[in-house]
Every structure is written in structure tokens, then in C-alpha cells.
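Shared between the two complexes below is subunit A, which pairs with subunit B and subunit C, respectively.
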Partner chain A sequence: MNDLFHPWAWFIWLVGVALPALLTRNPLYHSILIGALLLDMWVLRQHRFNGWGWGIILRLVGGIALAGVLLNALTVHYGTHVWAHLPSSWPLIGGPLTWEAVLFGGASALALFTLMLLFAVWNMSMPPSRWLRMLPAALFQVGIITSIAITFVPVTVRTVREIYDAQRLRGHRFQRLWDYVPLFAPLLVDSLERSISLAESMAARGFGANVDPTPDRTRVLYQVMVGMGLLGIWGGLFARMYWPHPPLAAWMSLGGGSVLVLGVLWAQGRRVRRTRYRRWYWRVRDTALVGGSVVLLTVTLFTYARSPRMWLYYPYPPYSVQPSFEWFIGLVLVLAALPALLAPPRSPATLSRGKAEHP
Partner chain B sequence: MRNILWGLLLSVWVLVSVTRAADGPHRVGLVIRYSTGQVETYCVTFSEPEITGVEVLERSGVPLIVDPNQSVGTAVCKIGNEGCDYPLQDCFCQCQGVECMYWAYYHLVEGHWVYSRVGASSYKVHDGDVEGWSWGPGEPGHGDPPPVIPFSEICSGATATPTPTLTPSPTTTPTSTPSPTSTFSPTPTLSPTATHTPTSTPIPVSPPLAATPTPSPTWTAASVLPSPSPATRSPLSPVSSPTFSPPPNPTVTPTSPSVAVGSLSPVVSAPPTLTPTPTARMVWPPTLPPNAVIITPPRPQPGYTSSPRTPSPVSSLGGAVDASPWASYVLTLAVLGGVALVVYVRQGGRG
Partner chain C sequence: MSVTQTWTHIQTVPTIARLDNISYVYPNSDHPALDQVTLEIAEGEFLLVVGHSGVGKSTLLRVMNGLVPHFQGGRFQGRVWVAGRNPVVLGPQRMGDVVGMVFQDPEAAFVMETVEDELAFAMENWAVPRPLMRKRVEEILDLLDISDLRHRPIHTLSGGEKQRVAIAAVMTLQPDILVLDEPTSQLDPQAAEEVLVALRHLNEDLGLTVILAEHRLERIAQYTDRVLYMAGDRGMLVGAPREVFERIPLVPPLIELARVLNWTPLPLTMKEGRRFARHMEFPHLPLPTHPVPGDPVLRVEDVWFAYEGQEALRGVSLTAHEGEFIALMGRNGSGKSTLFKIISGLLRPHRGTVSLALPSGRWQSVRSLEDALPHVGFVTQDPARMLFQESVLDELRFTRRNHGLPEDPQADMALLDWLGIAHLAHRDPRDLSGGERQRVAIAAVLVADPRVIVLDEPTRGLDYVQKMALARLLRDLTSSGRTVIMATHDVELVARAADRVILMAEGEVVVDGNTREVMTESLIFASQIAKLFRDPRLITVDDVVHALRESRGVSSYGGYA
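On to the complex of A and B.
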């Protein structure tokens, strides 16, 4: 069992790091988060956690982010620091090209990369089976389907790499577009086989079977409650959008609808019986991770509520192109590296396995 | 070889396009109406055959906050002190429900304001056009467009001459008798290099007032038009301008254009010389009554330099680089490096 932290500790850490990453585009803060997350990733790899092909995805995101910088630089013609002029008769890209647009594109790219790196670390440490177990019982079917959908890309990337290596071992060379046909044909076959295998295994485990059928009257009651709840939520949200200061009834509608839907979910969840083969343990380092994450979360929320300008980065006029930096926010962001710092040293078994795999 | 030819062809095209772009000074009028009813006009000069509506606003020098990364183009969030402080607020922070207030965009077509069908970053403005911005609902047919001010009136005093001096007459002698025809003549004379030129097109303001005028050293290249409102006027407090040096007791003799400012009858005549800058703006009238609405002049916020749009090196971004954030940043990176070292040692190196 090589889980470094309790899944709920990981989840709170994820929320704590995701909040500042989503709130700001400040490249200085993002660079600290990226450094901390790369450290976490390195430690997870040392502990033999599977990357699920995230390396390729991160490279892909890096490419997309760079394309975003180029696109922003060419299409946004606002700012005072002009580095080139394209004829204004050129559609879309014509006009002055400014450093502000380049910087904003770069900051956005960095923010995107940070988020992808964060979820890469989360995915490495939390395989779908673990976070599926964290879902409310009533949502287990939705959870399984979601986990299958989410793991589709990483699994496909891994398969592509395996087929690519196998074909190269056979002496095949990938030079032109046509050379990739021997890659895609086995990939298609493998995907179909995987789908059939998955469907059979789910059917064998009784997925979707109605073991404990709900009585008709109860089912109708649940359906009516869900319908009324959704209607209340919709009405509340609509009133909130329509009026700048929505009446009390709008909030009551929103709250009442939410209570109805959650109540049905809870009642449905009680009818689902789960068995667990593996227990989760809460250790001291889990408490430390949660404590650090709560500090990160609290400082982020407090400083953002008190002075959002601390987090702001917007290079276009009238703001400064130079990012601001508050030392205490920077130090708190270093807490994103807590998983790496709190992770136990590698066990001898892991070390020997690592040496065997990488002599 | 083919690539080289294509490259050469493209370079020639760009060169020709850029050369053709600078084909002489053009002017465009800009009218901005605030929710208080106050109106500012600007006469913006540009050398390109056409510029966008956002560029007109930008070159006028008026404090401006936009969101250029909207999916539909550039959204104008704030002009002057009115609007939304994007990105701290939503760009349309006062258009979140049934009551929708925002900066509506108009074009003056044949003496009538026409609500713009496209965004300011998509609309091309040509020589002689007049652009309008108004804070309000701005619906087609139901909006609150700015007052109609023809181009000739906005850019009338903005004749480009080689002498970059402006000679207003800033000694004011008001009386307490309402004088709806008090006039003022700043006689702005701008150099051709100024990106926009001043006009003064005041509109009448009613009630009387008794005011002691103060010489206003703020002579910039636009005018503020007090709208017909119950506000009374008193001397306008001076707004500093580094290019204006009024004498100890300047005298202003208002001549033209005329202003009806209640009881204010400024007699202004003064010798000082003003050298307008591209971001200059004229505030009218020079004096304001105690309960009048004062339009504050554009003040660049910290970090913003309203520089001409010319190619500039990266090193000049943001002016002088503040060293203190970078020192804190390097220290924080050092802390992160220390953490990395501890982790490395704890995990037994690369294994």
C-alpha cells in the first residue's frame, strides 16, 4: 500500500492550492506554485506513483499555452508599449502589437499550466478508484461513468506509447504521416477490446442491477421532489441574475430547492450498500497536510477579501505591467510543496524496485 | 528559394502597407457624456488612414479601463471616474440584471447619434468622424446619447500650427450677476505633433452664483461641457499641469466660445503660455461654484504611463522597475529552494 496521504487530506490540499491558482494571473505567484508542484511530482515519481501519461499531456498543454501567447499577441491591439505594427487592413491581426498583450498571454498560459500541473499531481496520487469512493453513495453510477470518461485520455496516451515502442522495436520508422497507420490500427483494436472488456466486467459485477428496488410511490415522490427542487434552484438563480438585489423569496427558492435535491440524494444514498476491502488510515502527516492547506486557504481568502489588488495582475493600462509581489503570500504559496516535504522517505522495497527498473 | 521569395514579398507588402498608413494628419471628434450630464469633448489627431474606436479613446488621454480579451472584442469598462474597475470588478458590473448601465457607443451620422452595431475595437474611424460615449442604458432608441456636437465645433480650435503654445488668458473676474453669455477664449494653438487638440464647446448652465475665481492652471486639450443642470458654478479649482505657468495675477478675458454659467461672468485675460502635450486636456469653465459638479482631470494611475504608441523596448515596460518585489520574490524562491534541498536529502537523492 503506497498511498502517501489520506484521500481527504489530498482533497483539502487540492482545494487549498487550486484557489490561489484560479484567483490570480500573477506570474510570480504562479512560478512559485509551479516550483512547488514540480517538487511534489518528483516525490510522487520517487514513490513509484504512475504518471498516467501526464507528461505528454503537460507538454501538449505547454504547446497550447504558447499558441495562446502568440494568438493574444496578434489579436489584442491594446496597450502603450508597441513593439510592431501590422497593417490595419489585415483582418483580425492588423494593428499595433503590444508588449502588454504578450505579457497577458504569457500570464494566462502560466496560469493554465499551473492548473494542469496541479491536477496532474492530484491524478498521480489519487487513482479514480480512490476518489470514486469519496463520492456520495447515491452518485456511484455517475461516478463510475465519470471516472471511465476521465481516464480515457491518459489510458489512450499510455497505449499509444506502448504501441509506438513496440512498432519501433520491430524496426518501423515514423517519419511521414503515412507511417503512423501501423500505430492507429492497433490502437483502434485495443480501444474496442478495452471497451468490451470493461462492459463485461461491469455486467459481471451487476452494474445497474436493481438489487433493492424502490417502491413505486417512493420513486414518484423522489421524482416530484427532484423536479420541484430543480425548479426552485432555477427560479432562484434566474431571480438573482434578473434583479441586482433579488428579493428574499429568490434566496428561499434557491435554498429550498437545494435542500430538496440534496435530501433526495441522501435518501437514495441510504439505500445503496457499499463494501470496502481496504481501509484508509489517518496519520500525523495527514493532519499536518490538512493544517498547511487550511493555512493556505485561509490566507488566500483573507487577503483576497481584504485587498484583491494584492493578487491582481493585469498588464494593460492603467495598471502596471510589472507584477506585484507580497512576501507573505509568496511564503504561504510554498505550502503547496507540503506533500513533498511531509512524504516519508522511500522504503527499501521502493528503492530496490526503482533500481531494478532503472539500473 | 520559394520561401525566401515569399518572405521578400511579404516584407515588401508590410513595408508598403506601413508606409501607406502614415499619410498625413487626420482628426476625429470625441464626445463623452457622464451620468451627471457633464460632457467632455476631445479632438484626436492621428496619422493613419483609419483607427479603431478604442484607439480614439486611448489616444485622447482620458483615463480608461478596458477588457481587450472579451470574446467579442474590446469592452470599455471605465472612462474617467465612471464605470467598473476591471478586473477587480466585472467589466459590466452595473449591467448584471434588469438595470443595465454601461458605456454605450455611438457614431454621429448626419447630425444624429447612431448606436453602434459593432464594438469599439472593430469599428474603423476616419478623418472627420465624431465618436460618442455615454454612460447609461444605451439601448438603440432608448438610450441617453451625448449631445450632438458637430466635428467643426469640436475641432475648431485645434488648428495645427508649428507653434506648440497655447495662450489662454487666465485671470478671472467674476461677478455675482448671472451672465448667461460669459465667454471664454483659450485660443489653443497646438503643434502638429499633438495627438489630440482642445476645443471648448460649453453648453448653458443655469442658476446664479457668487464666486471668487481662482486662476486655473489646468489647460489641457479637451473641453468639459456643463450640461443644463440645476448645479451652480463656482471657480474651478486648479488642476496642476506641468506645462502651464500662470502669472501671480492672471487675467482672463472670455471671448469665444461662449458659455452660460449662471452668474459667473469671468473676465479672463492672461499672458501665460501653455505647451500642450499629446495627453493634454482642457477643462472648462476655469471656475466652478461650490455645489457644482467637478470633473476631475485624467490622472494616470500608478504604473500607467500614457506614452505615445511607438515601439519601445521591453526594458522600458512600466517605467522604473521597483526592486523591492523582486527582492522578496528571490527570497521566496530561496525558501522554496531550501525546501527542495530538504526533500532531496530526505528522499535519498535520485535513488
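On to the complex of A and C.
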């Protein structure tokens, strides 16, 4: 499989970029992140990973920016730089319109766009189903069920379209809610039939046969353990909400409960006899990606702990309309482009194989 | 149940599966789906299972790996033995490494997103060690010639590719027997051919035992060792293809003709058939006159259409006349369905016009669904997409209401009667067989009395007998002055029913002509009989019988029927 990075390296990079993107609204920092992510996307695309089309991204930017800027500018009437007045008798939008509100809306839109872009890039080389298949053995069914759900979606969308057309061709009009019965009834039947076929095909390929039956007594023990574990976790969480400084017992309850639940999962997992086909390779570039991401993560956390003001962007008074800029933060944020920088150059072989894969 | 066993060479070959007097009744049913069936299958055998829809073929195949009775429950009797194991005791999950099972609709059988993951799925379940998995995936990819598809998302594959991947996905466990339940019924002829070629390869080169339920006998008959015909209540018949085909109703036209003319040994291939046909000459037979078409009712002029920049129709023009039966043929994706959607007003052409002749003689251009609705009836590919009411009569009532027509139960019953489904009037359409559902869908469209009837691949999943019944029905429609336009891959149906063939490719009309001429000139879009004689006067069995009657009087075909 032509994966560029090991899933764990890829995951740490995601966390490293997501953290600063979530912490700040500073448009300068976000511009750097967006630039880096667009570069990643461009390079991944060169490697024939499918993702969003540029058209979709443009429309997304337009949509988010429009909604963010417009909504904020019209509804927040705070700030000193006024550029227009709406009659104050108009509900909600009436009042002075300020540049601060426009800026804040724009900065929020930019932040949102960074996050969407980040997940888009992440999904390009690592579809969610593949993550789910890395779950512990006891939870492998969750992964497979999700994978099925994902494959079910395109088929269902097509079926809905076909039924919709077929009913319209019989002269049916879809206007009120009630009119949608002719759509859902055949869809339900179709999904049911498809589920049965799928279940048959899975059974015929040995799905579910690889779990050793748990002896009755052990099963009861496990159930008690999971029950106690969940109780401990809930108790601990509740104590944390109730007391600002929870007693040690609350932490122990939380920790002990988690250990119990995880322990049962692990023990059950050992009863599942399954092998995994996918194998992941750890290459030098994975180490480099993790290294860079850890630097990004550490600098972010460290500076934020020392002085949150360094990351703050809030154009309304008494703060400055101009975003602050620390050169070393800016430099570190460039690390978001690491996937693009570390990706191997495309060889003619990748090119031709890529063509065969996606004609 | 009487069982006729004809023993051929298999006596000397070890048996791989044995069904001993098995009976099975589905839960909530009092009619046995299988009744005292006894069958032995030899190692390396290619067994073809044929029979009318709903006769128990799928049930029988599912016994082989224990899906019956494990999946649905019900009452099971008798003994089953497959490759040394008892599937009734072990259940389907533990039979996967001896019986590979492939189903009708490959799309509904896939679990993973990419081809490679799908191939590994069964092995992961069986806890096959990773190095062995790697090796087997590589082998299977080559074996079924799908290595170029390995990284592809499954939903991007064509029908034939999907079914080959489905076969590969069960072959990774290296089963001794491959069981396939009508694997080509959802495919077009080219894709079906791909699958059947792959099966032949697995059987002949690898010695895999193959059990195949299939409607398309003409392509596969010559490769099978034995044929099992299931006749429902009248028992079953097992034997060499020639022996079974002598005696069963579901046969391709070549064999039908051979039986009429008493050709022995029964030809299974065109090559064998041509040996007999070569001696037949009808020098004085006139070319059958075509019915003169009536006035034009539908005009498509220079129609263009594109989906998101992908051109689907490029300057299509055609005129359909009153009482005409037009067959629209061509590969999947050649633009047939798009053309239908434009004729019915679902899509609007980007260029060009579609117009309909109103009864008043005026022409109306079709720009929206509303323009076409009163005049064009569209029977969609899968009748299950259309039908949702609780009874057949309700379906007709629903269409009437949509068209603003008054209720008329008497006329509805008369229509059902004419279609031969009056006895189903109060049944739930979902409980009916494929052929019956098809008729209900046609009834639900005809009730609005359209002048033009459009059918998108109506023969999917129908057997020979059902197809011929459909052909007769559509012919009757045209003799009552209606125009029928049917998209189909089924050349035999076209030969029997259509006046005119329009062949599409890449969004263009490539051929538009009289059925007899098109069939005689085309290498691929020709019926078996047309291929046999290469004579525009002879394209169906009836043509040949008629020709013989003309030239020598009633003599040699008395044995038929």
C-alpha cells in the first residue's frame, strides 16, 4: 500500500497542528497554517491521494467567510471603528456596524477553515475506516461495522435517487412531508434486503466464527468488572464536577475504573482469533514527522502556558485591532507543511501506477 | 419428488459433496422449498443448476455451506456431507474454507472499501497468518486477472469487475467448491462473459468444483459437465447437458430449434449448430414484410446532454411511430438511460428538442416531467423501486390519483386480467416473484394510458419463459397502437419482438434500422438463429419453422410441443 506515513506519525502530526489552530484566532498564524496545509494537499494530490477538489475548497472558503463575516458584522455592534449605521429599530441587526466585528468574523472564519482543511488533508491519506480497523481486537467489530456503513452510503444515495425518479415518473409529486412515504417504503425494503445479503456474505466468509466462547463463570466475572469499572469512572467524573479540587479518592476511582474496563477489553480481545492483513511501515520520514510535530506541540504548549496573551487575538477594545506576531511561533507553525516537505519525490513508477489506479 | 439420475463419467471420480434425501421448509411456510433431494457432486465437476425463478435453486445452493438452515431457521431433514464436513452441524462460518459462496448482487456482498482489503477479509476472519495472507492475495489477484484493481475503491468498479472481485474474495480461503447463485443476473452481456470466462478458467485449470445457478445457458452450456434441472413440484432432472436440454422448457433458441428439427446429437455451440444449418436453404422464401409504421408520435432532434462536463448524449436524433416496437441497445454507459430520462422529461437536454404528437395532431415539446407525464409511461429498471403499496390494486389506484384520473376498479381488474395477473390483485407486490412484479410495474404505468411506453432493461433476472411472455405482452401493446421503446441487452427478445433496433455507443446513435437487417449485419448484436443462418429472413426459431412449412409442408417438426 502506498501510504506516505505511518498512521501513528500521521496522528501525532494531526494533534500537533490541531492544537495551535484551536488555541488562537490570530489571522497571521492561521494564514501560515493554511498556506502549509494547502501545500500538503497539493503534494498529496501529486501522490494520487483523493481528496476534496479545489472547487469545493474555494466554495467552502467563500461560504464560511461570507457566513462568518456577515453574521458577526451584522449582529455584533461593538467597537470604535464604525463604518455604517442600520436603523436601531431593526431587530438584532439594527445599530452601528464596526470594523472590529468584521475583523473578528473574518478571523473566526479563517480559524474554522484551517480546521476543515486540516481534517481534509488528514483524511486524504487515511480514511476513517482504516483508523477504526486499528482498534483493539475486542472492538474489531466496531471497525467493520463502520466500514460497512461507509460503503453503504454511496449505494443508498443512489437508491434514493432512483426511487425518487421512479415515483416522479409515475406522476407523484414530492411536496409535503407525507409525500415522502413512497420514497421511504421502497428504501426500507431495499436496505433490508441488502443487509440480509451482506450478512449472508459475511457469514459465508467466516465472520464471527473466530471468537472463542467465554465460559459462563468468566463472563459473569467480566460483566461485574465492567459494571464496577463504569461506576468508578462515573463516580470520579461526578466528583470532579462537584468539587473544584476533588479528593484523591475521586482520582483513584476514575483511574481504577478505567483500568477495570480496559482490562476486560484486553482479556476479551485475547479470545478473538483474528489476524490483520494491513502492515504499516515506519520509515525515516515518519520519525522526522513525529519530531517536527513534537516540536510544534511543545512550543505551542510552552508559550501558551507562559503567556496566553501571546496567542490571543481579540480586535474589540481594549485590545488591539492589529494581530500580534511572534517570529518564532510563526516559524514553528511552518512545521505544518512537514508532510509536503518530507514526501518522497514522485518517481515515474509512482506516476504510471497512479494512473492505473485512478483512470 | 421423483428424481431422475443419469450417471455419466462421474462414477469413477471421487465424490466431493453428497446430499442425501434432504427436505427443507422455511419458517412461516408450509410448503417445502426442497423436497427429498438427493444429489452427488463429483470432485472437479462443473454443475449447472437451472430452473424457473423461485423453484428453490438458491435454497439448494445455500445448503452446501449451511446458510440453509442456519441463517433463516426452518425445518431441515436429511443428511449433507461436503468435503468431509457436515454444514448443517458446523454452520456457514466454519465452512468458508471448503465452500466459497458468491451471490447475485456483488454490491450487497462487499464489506470493505478497497479491493485488497476485501480479499483479505475472509482470511482475517480465519486468522490466517499475515505472510500467508500476503502470498495468497498476490496469487488470487493474478488468478482472476484483477491485479490492476487492487487499490481501487470497490464502488468505482464496473459490474463485471465487482463480481470477479467477489469471486476472488472467497477464493482466498482456497475452497474446494465454488458455489455461485446467478452471479451474472445483474450484469450486461460483456460483463457476464468476463465472469463466466473466469469460472471456466478456475474449473478447467485449477480443477475447482463449480456449482452455478444461471439463466444464460447459451454461453455456459458447453463447458458444464452436468446440468441439474429443478422443476419445482415435478421433481428434478440431472444429467449430461445434451440429455437434460432434450427435455426441459428453459433452453436457448439454438437448442429449441435443434429440438424442433430433431438435430442429433443436440448442438450446444454455434459451431456445432452451423454444421446442421449449412444444409438448409430456402431460395424462394420471401423476406417477411414489416408492418408499415403509423404516424410519428415522438421526435428527438439533435439532443445533447452532459453530466458535469461528461458528455452523455451527442446529437441524438430519432423518430418513433405509432405501433412501433423499438429496441435500444448498446453497452452500459452508452447513453440509453440518459436518453430515456430526456424523453420522459426527467432531464432537460442542453441542446436540441424532444416533441410528442398529441392526439389532436398538434406537437408538444417536452421540457419538463409535466409535459411528458400524460403521454409517456416509464417502467424503470427495478420494479421494486416503483412499488410500495400494500396491494397490486392500490398501486394502480396510486397512479390514477397522481394523474388526476377517476377511480375505476373494473377497468383496473380488466387491465390486470389482460396482463394475466388478475389473481394477484390483492397480494402485496413485495411478495411476488420477479416476473410478476415486472407485470405489476407495467400495469401501474399502463393504467394512465400512455401512448409511448418506455422500458429500461425489463428482462433482468427473468428466465427464458418469462422473457418470451414479456415479449408477447409488449407486442400486444404495439398492436393496440402504442409505441414501445425498450432498452435491453437481450438480443433474443429483440429478435422476437422488436421492429427496429437503435444501437448506441458513446452517446451517439451508431445504427438505426430494421431488426432483421441489423441482426444479420452485426457480429455481436445478433440472435443465435441470426448467427446460425446469417439470413435476414431467419432470425428466430419461428422464422425457421415457418420457412420449413412454406418449403416442404408440415412434416419434420411434428415432434415439438
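Just so it is clear, the second predicted complex is superposed on the first by the 265 of 359 C-alpha atoms of A that agree within 3 Å, B and C clash if a C-alpha of one lies under 4 Å from a C-alpha of the other, contacts with A are read in each partner's own complex, and residues count from 1 in each chain.
Quick note on the criterion: a residue touches a chain if its C-beta (ideal position, glycine included) is under 8 Å from a C-beta of that chain, and two chains touch if they have at least 3 such contacts.
Please read these numbers as outputs of a predicted model, since none were measured by experiment.
Participant: Kindly classify A:Pro96 by the partners it touches after superposition: subunit B alone (first), subunit C alone (second), both, or neither?
Facilitator: Touch partner of A:Pro96: subunit B, not subunit C.
Participant: Figure out whether A:Ile163 sits in contact with subunit B (first) or subunit C (second), or with both, or with neither.
Facilitator: A:Ile163: touches subunit C, not subunit B.
Participant: For A:Arg274, decide between first (touching subunit B), second (touching subunit C), both and neither.
Facilitator: The answer is second: A:Arg274 touches subunit C but not subunit B.
Participant: Do subunit B and subunit C touch any of the same residues on subunit A, and if so, which?
Facilitator: No residue of subunit A touches both subunit B and subunit C.
Participant: Write out the stretch or stretches of subunit A touching subunit B in their complex.
Facilitator: 28, 32, 35-36, 39, 42-43, 46, 72, 76-78, 80-90, 95-96, 99, 101, 103-104, 241-244, 308-309, 312, 314, 316-327, 330-331, 333-334, 337, 340-341, 343, 345-346, 351, 354-355
Participant: Name, in rising order, each residue of subunit B that touches subunit A in their complex.
Facilitator: Interface residues on the subunit B side: 13-14, 17-18, 20-21, 48-52, 54-55, 58, 63-66, 68-69, 74, 86-88, 96-99, 121, 124, 300-307, 309-312, 314, 316-318, 321-322, 325-326, 328-329, 331-333, 335-336, 339-340, 342-343, 346-348, 351.
Participant: For the complex, give me every residue of subunit C touching subunit A.
Facilitator: Spelled out, the residues of subunit C in touch with subunit A are 62, 65, 67, 70-71, 91-97, 99-101, 103-105, 107-113, 116-117, 120-130, 133-134, 137, 148, 151-152, 154-155, 169-170, 173, 341, 344, 346, 369, 373, 378, 380-382, 384-388, 398-399, 402-403, 430, 444-445, 448.
Participant: With touch defined as at the start, can you tell me which subunit A residues reach subunit C in the complex?
Facilitator: So the residues of subunit A touching subunit C come out as 1-2, 127, 129, 144, 147-148, 150-151, 154-155, 159, 162-163, 165-173, 181-182, 185-186, 189-190, 193-194, 197-210, 273-279, 356-358.
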